[in-house]
């Protein structure tokens, strides 16, 4: 017989008159005092950020909020079309596609970096070079793609990467993870004989690793950021719908070959 | 035969070298320059906020990020337990319960306020009194509860309401919607002969209405805010799980009456 | 202080050697003996069906499994495109749009029927006529559409309705709910001066009411049925994808007006 | 510039008067004629089953419909608590946890079997023995657990496995995949020196492989089956709720250590 274990959460507690989140009084210390970036930092790191941390964190969060018409925003819009009364479901539907193909690669890239550097708190530049060579060789041997580099559309470079790495340099977040990520991109490009610069998920992975975030959680940042962007798509779909037009067109096109010829 | 209509979104566009969101260059104008609160405002209002708008908006967004162990965070934790590799699904699962019982009441309260004031851009105080009387009478006649007032746990008052309304007063967002919401609370309390002060969803509804947000979209703010809070619960569940303990205990308790007595 | 209440579920219990669902031994009485329709009936009614019940129930379940390319199946396909490793998320995404616009109207139609007939276990034909007149008048007075009648595409009649009502007649499920639903369609058509025959959601609502299913749950049947259909769309999207082509086309078209003219 | 590709689905098409699913007329050939198991088979295999196929398929589908109070059904119940009007969201929430820890292991087990037997349509018994040895050795070398064997609760054996394999023997689905799965369990038990019999996900994986189902899709069967079971939990939660009691208790317990001692 299994013994009961205590259930415990360190995040928040409340009385009728008071709500406390990570030791801050919601009504006294948070509402009217903290902005959304600080609040998000508090949720993730259980403490308030320094100014340089907040600037870097905000940059990471804003970069993935919006990317226009994507599978994610289309899933949200399809859901608005059928269930306009359930905005929470429309946003949830759009988040569900943030998996291995798009933003989920943040986790894989962060895992690659964190496992390589786990026992190397202050690697020399030559060590980082050797790690990059070994990592690229390993992925190529397994015929897997190296996560966090290259982009099917944003090429030759993903413009979000230099934008993020510029803020990283200005705020002191350009440490060993960022250096290794860049070296991996260069090494992979050399091996594949084509441009494979670090993409936005590689940049996010490196910076999130500088913050000490466990790789399993990195995709969470992008998911929360995208939830904000999807509110914009729900609003636009309500004002200026596209889902029914899309559905109508595609239904016709997709089944044209099945219909009897008239 | 239906005629094709053009599909159109005004939110964003991209080239390989550039991403533009509401006319701002993501890499030049947003990353490193805007914080998460400004970005969220941009998504929702398609323009950048003034300072007083940003302060009020941040207050509304932070207030619903976190409320500890709730049905929402429990659904997220249950999903982490079964699918720790799909963080997007865990956050989505937690958002799905933000319906009519909890945050969805924001929409109902905002609808009530917006329909009452649709044709009254500058109502006199006496007009607001008359509206409050009529609204409360109407809900009571239909035996429905007036949305946005009273709270089963935070009583006699929901402390989040004065916190939000204080920021509203400081930033000039204490207009006719806030006034009407307060009068409705007072009138309902008089009619029901018990305290029924404005709760956090009533306060959110009033302030979102001051911002001109359509009532159908008000719950969207809370959903995006809660997505941020749920990242914190995913992280804690990974470090310090409670879902399997909960599940084990409840499975035993819930089926005890069905099991043969030994 | 609130007093703890016992948590209780009457559905199932298990020991290491045995799983019991509604008093049937899963491994002895269910696997290899019950088919999927019987199992679904058992879940919903907590007992096994008679033959006529099973035939009617199967007809209701199969009718909404598949309707080709719809907002629901498109949301599923978009999710496969981004998260092919999370099939559960793709199916969930497709279910989320089954709200007020499409299948959710089953609930509204069932509510209309169940509230009308709550106190009339054996209404005379003239009573049903009077109810239909009153209901249609009431909806028209509120300028709301009567649920369960008319269809934007399947006209003049929704072919699924006669198919379901034929089985209902053969199995004895053509009682007062079916009769009232038909009369409401006829009355609404007369009032609106156009064809408004009962659609598939009206037919489902009437038959589910004959089964004694509470209106709040009627949409659940359709949701479970559609989950089965969405497996087919996930499989096809993996073999023969359309999501990336759709996304690419729409991204271009939707933002064409924002792009600088070359 | 990418060239447009045709969007194509072979599943269904419709005219106002007719809906056709995999070449069957929904209203003529399906409603009233096919049961839910046949319909599910049609969706997944694009053809109707033979009798022995249907019996085996039904056994696989019914076995995972229900398992009482689980993380999955708890997530559904939490969602009902907050959004009782959105039954589709409650069912979706419960599906989202069907990931790598619980039913998703079907995919891993099926992949293991399908990759081993890809080039061995008719392996000799000795070949299967050698494969089992090699597979177990390989997993142990990587310190990963072999999928589809052992169970934390259902031990020493998972009773669902013999129940499924009995039907497989009766219907001729006890081929090379079932044989290899059993040999892997025996080999792993020998290596680990404890009982590690095939569990329900291993049995499902083997039988789904006998049906020729690609491993990427195997979890889809379980997801659709569970959607049916979750309807039962939504219904019970509406009649006899447990979510609010659970939430109240856990909120108190989880935050007890944070609260000031009175």
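Just so it is clear, A, B, C and D label the chains in written order, and each chain counts residues from 1 on its own.
The rule we apply is simple: a residue touches a chain if its C-beta (ideal position, glycine included) is under 8 Å from a C-beta of that chain, and two chains touch if they have at least 3 such contacts.
Bear in mind that the values here come from a model prediction, so they are computed numbers and not experimental data.
With every chain reduced to the mean of its CA atoms, the largest distance from chain D is reached by B. Of the two interfaces, B-C and A-C, the higher number of touching C-beta pairs belongs to A-C.
With each centre defined as the average position of its C-alpha atoms, the distance from chain A to chain B rounds to 23 Å.
Averaging C-alpha coordinates per chain places the centre of chain B 29 Å away from that of chain C.
Centre-to-centre separation between chain A and chain C, using Cα means, comes to 36 Å.
Contact with two or more other chains is made by residues 7-10, 12-14, 68-69, 83-86, 88-89, 92-93, 96-99, 104, 242, 246, 250, 254-255 of chain D. Against chain D, in their complex, chain C makes its touches with residues 2, 4-5, 7-14, 16-19, 21, 26-28, 30-32, 34-37, 39-40, 43-44, 46, 54-55, 58-59, 61-63, 65-69, 84, 86-89, 91-93, 95-99, 103-104, 107, 153-155, 157, 159-160, 162-164, 166-167, 170, 214, 216-217, 219-221, 223-225, 227-236, 238, 240, 242, 245-246, 248-249. Note for the complex: chain B touches chain D at residues 68-72, 74-75, 78-79, 81-86, 89-90, 92-93, 96-102, 104, 242-244, 246-247, 250-251, 254-255.
Interface of chain B with chain C (complex): residues 6-10, 12-15, 20, 83, 85-86, 88-89, 92, 96, 250, 253-255, 257-259.
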